[in-house]
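We just call them A, B, C and D in the order they show up, numbering each chain from 1.
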Amino acid sequence: MSDAIRSANDTVANNTVAHDDSVFGAEEMELNFGPQHPSTHGVLRLKLKVDGERIVDCYPIIGYLHRGTEKLFELNPFFQNVPHTDRMDYVAAATNNLAYVGAVEKLIGLTVPPRASYIRVLLCELQRISSHLLWLATHAIDIGAMTPFFYCFRERELVLDLFEQYCGARLTLNCMRPGGQPFDLPHGWVDTCREFLELFPAKIDEYENLLTNNRIWKKRTIGIGVLSPEVAVEYGITGPMLRASGIDFDLRKAMPYEIYDQVDFEVPLAENGDTYDRYLVRMEEMRQATRILEQCLDQLPEGALMAKKARVLKAPKGGEVYHGIEGPKGEIGFYIVGDGKPIPHRCHVRAPSFINLQSLPELVSNHMIADLVAIIGTTDIVLGEVDR
Amino acid sequence: MPGLLQWLDEFAGPTLFEFAVSPTLKILALLFLFVLPLISYIVLAERKILGYIQARVGPNRVGPWGLLQPIADVVKLLLKEDVIPVRAVRWAFVLAPCLVVAPAFVIFSVIPFGPPSTGEGAPNWFITDVNTGLLLVIALATIGVYGLIIGGWASNNKFSLMGGLRSAAQMISYEVPQGFSVVVPILLAGTLSLVGIVQAQEGHQLFGLLPRWFVFHPTGIFAFFVYMVAGIAESNRNPFDLPEAETELVAGFHTEYSGMRFALFFLGEYANMIVVSAIAVTLFFGGWLPPFDFLGMAFLPMGLGGVLWFVTKLFAFLFVYIWFRGTFPRYRFDQLMDLGWKWLIPMALILVVLTALLKLLFPS
Amino acid sequence: MSDREPPSKPPSEAPAETPTEPTASVPSAEEEAAKKAEAAAKAKAAAEAKAVAVAKKAAIEAAKPPWERDAVTPTWEEAGEDPLAVAMATKFGEAILSARSYAGDLTLEVELGSIAKVAAEFKARHGFTFLVDLCGADYPDREKRFDVVYQLHSFTSGRRIRLRVTTDEETPVPTVCEVWKAANWCEREVYDMYGVRFEGHPDMTRILLWEGFNGHPLRKDFPVEGIDTGAAIYPEYYEDEAGPITGTGTGWMQPKPPVEADEEAGE
Amino acid sequence: MSAVKRFLDRIMLLDLFTGLGVTAKNMFKKKHTVQYPEERWEPADRFRGMFRLDEDRCIKCTLCARDCPIDIIYIDWHSEKNEVTGKKQKLLTRFDIDVQRCMFCGLCEEACPTEPKSIWLTSKSYELASYDRWSNLYVDMDDLMDWKIRPDYTDEEIR
């Protein structure tokens, strides 16, 4: 047997029960959870120590989807990096784009025309809805409810259709450029969007009827994976997870970017920081997103879409900025250092999934394996973003 | 064929024929003519109904409306490679699926699908009427759990092992309330024979408005509830499908199984589902009895009307199973135990006592 | 990289100069003097016109909405009176190397050894309980080539600041894991990508790349096309030709349609 | 009142029946399946699908190749005298796109200075699956000029 085969066998053996006396004497079992597991939402791998079904220890191993995006950023001119940002959090491309172009605009000092700003917010809120829908779908199926998965995808399809009509892609949008928007809204887009907004709240009610009061759902989620506000801040957690723990921090309110200071919306908060609260906060966020969208459609101004000379961008040498926005999963930010050239010297991504995932060992300790799945579900990670 | 039977008859003598050969042939006939087609089409129905619940259409490519899909599935499963993991315990790995399927199929021998023979060439619509039929059902259902445990252990995979352990705990704890809840109809009917229990449910109550099925009995309805919950748990179906919870344990006890061996587990699960539904129909919903006499379809020959009623009720139960699967999330392991031990068992015990008291106070 | 810019010329805004016509006759002195005067007058007029044009342009520019004006690129400014910078400078003195701001973000450069103390001070006294981000950067021209950058947020003042330390390849950076737990994975990532070690970190291992990876990919001198991993550097683990291999880096292989290749060979 | 309601909720399993009601209602609603080979999804007008190239419009500026973030467009051109007009003109020697690596970002189309664009992605052809990525997804000039939207499936292919 060659060495290569032996090493492959060793990894197999890692997932099997050892045939020795220690089986009956041992207290804890090591369980390799992932990277190929239906509910790790990608290629997350967890090394678990379990005592029966109870998790004693959890050690996440990531990097299976590492593509060196940050290295790629250093090779391309600013506007060519936008498609690469799509592929980090691939279920929320618009917010990734906005974080990136926002950072570039801040670095260079570009001002974006108001119409472009409104279109950006429209796209981002739609993206928030679609990302939350995908989260709900997978989270519900993790807990065993199969049907919400299909309902969520049914509505998500409508959002993706809107994206497709706007920029020609459904998932990897590439829909923003430093300095503004590359295209205007197509004819009839506003009406289609309004139709969707009229229909969508009823659909949220439908999901809630299926899940929110369901006793099994409540039993599976209430008190599971409690994240206290202190711990949440300590771990740098952002987004709905942080707000479910009761900390009123939303970048759209705290440091308004684009035109978020001109629309009226509420930031949903919860108190307990458990899985159920995270679920409730995200559901409410979808409703608030529809509110923002309606206001944006009402206020949508006419006018230019691109700032002047936005295509020929040279970043000042040594200039550095950090710009974060509120993505569906938390604060997604870009730290960009200029080089006096049209390419960034350094472009770092603050990936919300990456930082939120860090708290997983704390959340799952002393829970059961079934809870682990529920907790991974509400952490709402996308491995493309964790590994970049 | 008749020659062969005659030869068997002469060779083995009437006793052997009556007690061994004839039931075996009947069981096989029932299996291949009724149960296996039923199971494969229930699988199709499940996929179709789930599809309709979930805003899609389900399988519709093979044959008209996908009606040939089960055949395609079976052929696929038969032709697939049968993988046995290197470090699996071979004999146990091979034995486990059989242990699941065989008892589930044997139970069908005592289920009355229709009325007993009324003469005039009408057959008995059951294979045998054992006077301890219900005990047999419970006993046989218990064997099935060994298949799951052995399968989970023999695969030599941690997820399988956990699935096996879960199923062991779950099925053993839910057999208790199931057994107790079954006592209620036994008390009401005064017999263990399944045919006898159905016959005890004939007639009407409340001035002929309600059939005298045990589900309409004041304690019977709660017994039915307990039986149904325990039965769903017994057959490992949603919301109690923990042993094979695909999002937690990959596929639970049958993670390592493939091809026909996996199909056997699959058959076992669906056979169990049918058995639980059939027993529920028999015990609580009056078996082959129509709700009202004028709906009895007595014009059909050979008691087929009764069979039709039985099958209709059976399908209603199976539909509910599928409907549940399309709606509910899954319980957690400890919550499942909680429900079983803290709620269902006390409830079933109280029901047994209550029923006995009622029976004492109102003997009619 | 300038060749990547589109060559389309920006619309010329200044009016084109009128070319001077060459005269055929031999100029006399008078004519020359007159011509000179004329030229001087012309030049004066041109200068005046230019000034007017510039003023006009400025006026037009000012009247334009901000997105049509030229981008106002931010520059580094000394923080000076910023109370936070002053407070830290008085507390730590020499350890704060500089306090500047760019595009409104205050950046403190901190001396390598005292970053953990400064961070703890920020968290305890100034309410910067939230570590937004921690990342590295590589400046190969400098002697101390690596930066480690900390982005902090304070919920109480709603303010963001940036700390920065500079280090070289050998010197480890004191960890801030004890200050913010969020720093744990971020520091591991910096180690993974740049090889900057953190002193006192509970689990200083690679995070995104595999344990045996040979190199730190975000360093500027790391080849973009990747390095050879697998058989070439781990002969004890892999047989020849086995294990992960390196690509050409460009991802580009010329497909060889078999028919055409044969034809070329035949010719 | 709320106590009564809570009690009823607990005993009557109302929450579970609400859920069952939702699924039952949806059983009779419109189905969203698209029966693929027979009915096809129609992309939006701006949908970024397979490339098209118009050689006559192309001015051989190679801007699309430069703006491609992953450099998968390969262009060579040469000058040649037009035999009819006698003028020198640029001609494409090669215009290849390695579509297997393409991420359909559309930056090449955006970079194209001609009006209308000489390279565009709005061809609405999305059926790019192929058995052999090297030969089928590496498209040269002829393919780009004359990209056939995938012909309708034959009965055999459906089976």
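The criterion applied here is as follows: a residue touches a chain if its C-beta (ideal position, glycine included) is under 8 Å from a C-beta of that chain, and two chains touch if they have at least 3 such contacts.
On a predicted model such as this, the values are computed, not experimentally measured, just so you know.
Asker: Supply the minimal count of touching-chain steps required to go from chain B to chain D.
Answerer: 1
Asker: Name the chain pair with more contacting C-beta pairs, choosing from A-D and A-C.
Answerer: Between the two chain pairs, A-C has more contacting C-beta pairs.
Asker: Just curious, how far off is chain D from chain C if you go by their C-alpha centres, in Å?
Answerer: 34
Asker: Please work out the Cα centroid separation of chain B and chain C, and write it as a whole number of Å.
Answerer: 69
Asker: Would you mind pulling out the distance in Å between where the CA atoms of chain A average out and where those of chain C do?
Answerer: The mean C-alpha positions of chain A and chain C differ by 26 Å.
Asker: Residues of chain A touching 2+ other chains?
Answerer: Only 147, 151, 154, 210-211, 214, 216 qualify.
Asker: Pull out every residue in chain D that's touching 2 or more other chains.
Answerer: In chain D, the residues touching two or more other chains are 16, 19, 22-23, 26, 32, 67.
Asker: What parts of chain B, by residue number, touch at least two of the other chains?
Answerer: Counting only residues that touch two or more other chains, chain B contributes 53-56, 326-328.
Asker: Flag every residue of chain D that touches chain A in the complex, lowest number first.
Answerer: 13, 15-16, 18-19, 21-23, 26, 32, 43-48, 67-69, 103-107, 110, 121-122
Asker: Going by the contact rule at the top, pick out the chain C residues touching chain A in the complex.
Answerer: 1-2, 4-6, 10, 65-76, 102-103, 105, 107, 129-133, 135-139, 149, 151, 155, 158, 160, 162, 180-182, 184-186, 189, 193, 206-210, 217-218, 220, 222, 224, 236-239, 242-243
Asker: Flag every residue of chain A that touches chain C in the complex, lowest number first.
Answerer: Result: residues 2-4, 7, 62-63, 66, 68, 70-71, 74-75, 77, 106-113, 179-180, 233-237, 247, 249, 254-255, 304, 306-309, 311-312, 316, 318-322, 324, 331, 333, 335, 337, 341-343, 345-346, 348, 350, 354-355, 357-358, 387-388 of chain A touch chain C.
Asker: Would you tell me which residues of chain D are touching chain B in their complex?
Answerer: For this pair, the touching residues of chain D are 16, 19-20, 22-24, 26-33, 35.
Asker: Can you name the residues of chain A that touch chain B in the complex?
Answerer: Contacts found on chain A: 13, 15-17, 19, 29, 31-32, 37-39, 53, 140-147, 149-151, 154, 210-211, 214, 216-217, 219-220, 368-373.
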